[in-house]
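Okay, so subunit A shows up in both of these, paired with subunit B first and subunit C after.
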Partner chain A sequence: MTALFVVAFADLRRFVRSRSVLVFAVLAPLAIMGAFAATIGSAFGSIGVPDLVVVEQDGDPLLGPLVDGLRDEGFEVLTVVDDPDLARTLVEDGTHDAALLRAPDAASDEIELLVLGNTDSSAELSVGVAEVLARRAAAAIATAQALDALDAPAGTTLPASSFVVVEEQAPARVLLDETYFAVGTAGFFLCMAAVSVAATMHEDRANGTLGRLLMAPVGRELPVLAKAVACGVVVALAFTTLHLGSVVFLGADWGPIAGVALLGGALVITAVGQAMAITTVAVSQHAAGAIGTALNTAWAVFGGVFLVIPRTGFLNTLSRFSPFRWLLDGVGVNAGVGFGAEVVVHAGGVASFGLVAAAVAASRRREVRAG
Partner chain B sequence: MTLVVSRLRRSFGDRVAVDDLSLRIDDGERYGLLGPNGAGKTTAISMICGLLRPDAGRIMVGDREVTTDAVEARREIGFVPQEIAVYGDLTAAENLRLFGRLHGSRGAELDRRVAETLELLGLAGRAHDRAETFSGGMQRRLNIGIGLLHRPSLLVLDEPTVGVDPQSRNAILDAVERLAADGMSLLYTTHYMEEAERLCDRVGILDEGVMIAEGSRRELVAELGQLDRLRLSLDRPVDEEVIRSAPGVADAVFDGVNGEVSVDDARHRLTALLAAIADQGAAVRSVEVIEPDLEAVFLHLTGRALRDGGA
Partner chain C sequence: MIAISATILRRYFRDRSNLFFVFVLPFVIILLVGVSAGSSLETEIGVVGARTPTGQIVLEELGSDDLRFFDGDAAISDATRAVGTGRLAGAIVFPERLADPIEYVRLPGFGSDGAARLDDAVELVNARAGLRAVARDLGREAEAADVAAAGVTMPMVRTERIGDDLWGGLDDSASAALTQTVLFTFLAGLTASVLLVEDRASGISRRHLTAPVPTWRIVAGEIVGRLLITTAQAALIVVATAVFFDVDWGDPFATGAVVVLFAAVAASCSVLLGSMVRRPESATAIGVTAALVLAALGGAMAPIEIFPPTMQVIARFTPHFWAIDALTVTMAGGGIGDVAAELGVLLAVTAALLGTAAVVRRRLLTR
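Our next item is the complex of A and B:
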């Protein structure tokens, strides 16, 4: 056990001295997060026609005219569903900006119309627009009803005569602002940095120090384990720095610290696991670098690090095969809803990639020659 | 510590690098493994140190089998690889401390050993400089220091003086000699015959993976059937016939005061020979002993010079 930390510590000392790890694991991702925030991130702020979902339950005589009214107002991206829970989900996961539905227990003489908006700051504008439009449509319907009432035969029960528009904010479960790119960039760079750290194993092999470690009265697995420990420490420190850096400099919101720590821990497991698997499978440092870049770039593209992945269809399914998607969603839930079981599930999703990779690494044993 | 290697074999693909190698090094014995490039020295040593799995054969260090009890066997072995294997971005002292700790040494004992080793190899003044800033010879010395810091009972050195200037080389050989004098067993590979002659009690000559001869230098030379020669310079002429009849002398040719005597064992016969000269009233001005060396043995056994371009 002591031997493990002696070797890992020597490695860390070397990384500190070489400084390239610092650049790769901390400075580069911070710079790229900043660049994302300054360019693509701000594009989220400008949103045109809000994307609404309206709940029209069977036999509800009131929302029908509202939907027609909204369509007349020019809402083309208007989805009508009959399940309030589905509407809520569609808003929470960012598929739609806002939902219009009947409040469940409104007083019988009023119709309470709920505008359910996404809390995400970039959606705020569209929620406002939706609310105004909803009020206008509601007023139009009320007027029509009043006119209808004048013509109604005596004894007919009139529908409620007034609309009340209530606003409620649904917690966003998906990151749509600079936090999104901060989280994605951190995940991607930490995995890349982990590979560059772990692949120094090949350098150690080439310069003979690995053979020397194996000449000490220690187990054969010690160099690999020590490298994994050193790699884990580098990734954990870099993650902490990137988290704090993105919060302080970019105003990112990752949610409660417990969730961030758990997801960060899961990211460390996956970063180290894939890095060790790649290192043990690759025949050289170069090969390890190439495989690491290929794997992590693929994970980044399919997992939505560079481009937001649609929430439905094939790409959505494919993105589940990237730890970065689980990380982005996990931080999304953590920031939107708070720390809870769902965050734990997402952390498990992130870590599962690392555990599979660690199994690959453990199954690889290479012979080391002295000279 | 006794090392017993029996019927060791290892191939790389079709190439047999070490073929049926057996050798024994007794406690405190200094053994040289000689051979040209590609003879299989490093391969053999890697297997002995448990870094490379043999295809066949057995290696015992003391009463431990290297292939099955590697961790314990390695406690006894100090290994100095042929290629310099130090962490360039750590200082000399940090390199030594790292490997010292892995061998279980710590605290004041570790400090003392690190200081001693730096002193022994003449690196004390550069203890806190990074190894990558060292000259090649200094890196070689550090390379050796790492192998002997934990005072192993068997020190294995794989061509430790390659590419080193004569001064560094002397420092290295001195250090090794001093350690061997303390009772460490030594396994030393080289293709410098003169190093083997200076350091080793016994040598094995390896060629293309096969041990082609083994014994003390004297035994090997005797096998070669060549005699030592004594080149003498006297203050007055002597009778050749009398010298020829001295014990061990095969031939003597004098031209006035200068002559050459062929003898079976120059070092042992020299006293008797000088006495025979003194008996004739002559004094010796100078004497030079020319022994057939391992270089000649190798040439004799393989028909090839040990190193391209000769020694």
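Our next item is the complex of A and C:
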């Protein structure tokens, strides 16, 4: 056991000297999270107060009362214009998020409202509010027309609604915001980094280090195990930086720390397991890198790291064969409903890939030769 | 030069892992693009309590399209869980008692269409019930009340999105094909820089110098060999997505020019990185990080339209931005003239990187 840690420590010292640890565990994770924070980070945090333009032309029985009602309710950002083209321009250039107007092409006896919404994601709230207001305004005018048809006296109102809808928020078991990209990219980067660290075994073979180790009175599996330990330390450090970086820069929510630690541990097992399997199968450092890139990119694309995978259908089933999907779901459950048995199951899902890979590496440990 | 390029290619393809890298991995991307073309976010809504009095009344207006019904003791928790995991857009829970509210369960930011659909149906039911009550109070015939109630219809509300379309207005499969091609081409190019570091360590690069050819030809041969590999990978994705999944890449000359120039940028970066670092693991670390960071900054991971204004300016300093911009134009039907500016920028970036890579590599070989 002592020999194992001595060799692993020597390996780590070499990584520190060559600044690989600094790059893998600190600089690269911070650069990735910094780039995410600078680009997509603001897109998720920019939903503010609804910002509407209402087109009210003189004497409009539909939109006039709506504008009055909105002002009475103290609606904060509301601009009233009388020109539909001006409203379109204000939304198109992003000055306002959404506009509400009568559909210009509707027949004169039809009640049709048009909501113009800016394509920017930060306009979603205003577009949603405008749609609700439009539907209610149109329903109100339709009801008023029906009351007229009944010859109801002026001022007649409908009795209080029989049915009421209330909205409830489902406990999220999936990641919905910037945390999704942080977690997925963290998994991908760690697995790629692990392959790169583990594949230095081929360099050890070329410079004679492996030969000297194999001549020592230790088990033949020692070089593989020591490399796995060193690789695990680097990957665990990188995971910690990625986690902290995503929390600080992106405001990502990974959930309770116990779940993060368990899922992080499972990810380290998988990263190290697949890296050792690839290293023992590959014939050179470059070959290990090529196989590692191919495997991890495949896992990343099917696991939903770069594109969000639908939750039903073939792609959903296929994504189960990627540890990154288990990781994303595990962090989703941890952040949404807290640490519990479900997180443990997902951590098991992540680690199972590493354990299978570790079994492959173990079966090939005696194939490790000096040259 | 051709001989050295051919040697590099021969050595590269002799290693079976590289065959996997060049030919299998692009098909993983291609398959993802193809499958994602036929998939979309969930629109189905769960319904709990369809047989309750409230459920029966409201469902008459709501219809049954895109509804999934849940029964049994665990119906509410099953439906809520399906919403929470994204398998349903939302869930309607009808109460047992008429006086209790109807619940609509959804994740924040999702299922708004389902909420609107339920709101419309409930408004309609309420309006009709209210009109009947008013008619009764006014002593009107039941028939007149029904006629008035039938006159209330679903309000007509249309939504139109205007402004800069995400990914230039391309559909999901086209934007996926475009961004994954750009992201993968650059990632594959940079991670392959390990081979150059290994060549130097193993003395292969020095043995090239013993050949009776000028150093610049050796460097050019290395760059051309790498360029051919990177271009082949990118071209494979473009051609296969077009043939198998009907992704319309537009004008083949314009698309081809963009793909080749972007592959050249990736190949130049690969040679530069492979010449600048001493250790293979450093090449991988820097390569993967640079590929992910540049992809994020350049708009290959999220549409540039959602970036803050400052980041939209910074994005222009990445080759990814210009490649995505050009391919968006060609996919929308633009020709080579429409992407001349983007091609010019990519050409300038390639020339600058190639020049730097050649100088650094030459200095390294002759040192």
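Things worth noting here:
FYI, the second predicted complex is superposed on the first by the 223 of 371 C-alpha atoms of A that agree within 3 Å, B and C clash if a C-alpha of one lies under 4 Å from a C-alpha of the other, contacts with A are read in each partner's own complex, and residues count from 1 in each chain.
By our rule, a contact is a pair of C-beta atoms (placed from the backbone, for glycine too) under 8 Å apart; a residue touches a chain by one contact, two chains touch by 3 or more.
All figures in this text were calculated on a predicted structure; none of them were measured in a lab.
When the two complexes are overlaid on their common chain A, residue A:Ala271 makes contact with neither subunit B nor subunit C.
Shared-chain residue A:Val218: touches subunit B; no touch with subunit C.
By the touch criterion defined above, A:Val23 lies against subunit C but remains apart from subunit B after alignment on the C-alpha atoms of chain A. Once chain A of one complex is fitted onto chain A of the other, the partner contacts of A:Thr185 are limited to subunit C, with no touch recorded for subunit B.
In the superposition on chain A, the chain among subunit B and subunit C reaching more residues of subunit A is C.
In the superposition on chain A, contact is made by A:Gln285 with subunit C only, not with subunit B.
In the superposition on chain A, A:Ala3 makes contact with subunit B only, while subunit C stays out of contact range. By the touch criterion stated above, A:Leu78 is placed in contact with neither subunit B nor subunit C. Once the two complexes are overlaid on the shared chain, A:Ala294 sits against subunit C while remaining clear of subunit B. In the superposition on chain A, the residues of subunit A touched by subunit B in one structure and by subunit C in the other are 18. Put simply, subunit A touches subunit B in their complex at residues 2-3, 6-7, 10, 13-14, 17-18, 207-209, 211-220, 367-371. The touching residues of subunit A, when paired with subunit C in their complex, are 15, 18-20, 23-24, 27-28, 31-32, 34-36, 38-40, 42-43, 88, 91-94, 103, 106, 110-121, 124, 127-128, 131-132, 134-139, 142-143, 145-147, 149-152, 156, 158-159, 161-174, 176, 181, 185, 188-189, 192-193, 195-197, 199-200, 203, 206, 282-291, 293-294, 297-298, 301-302, 306-307, 310-315, 318, 329, 336-337. Within the complex, the subunit C residues that touch subunit A are 15, 17-18, 20-21, 24-25, 28-29, 32, 35-36, 39-42, 54, 57-58, 80-81, 83-87, 91, 93, 98, 101-110, 112, 115-116, 118-120, 122-127, 129-131, 133-135, 138, 140, 144-145, 147-149, 151-153, 155-166, 176, 179-180, 183-184, 187-188, 191-192, 194-195, 198, 201-202, 278-282, 284-286, 288-289, 292-293, 296-297, 299, 301-302, 305-308, 311, 314-315.
Interface of subunit B with subunit A (complex): residues 42, 45-46, 49-53, 70-72, 74-75, 77, 79, 81-90, 94, 98-99, 101-104, 146, 158.
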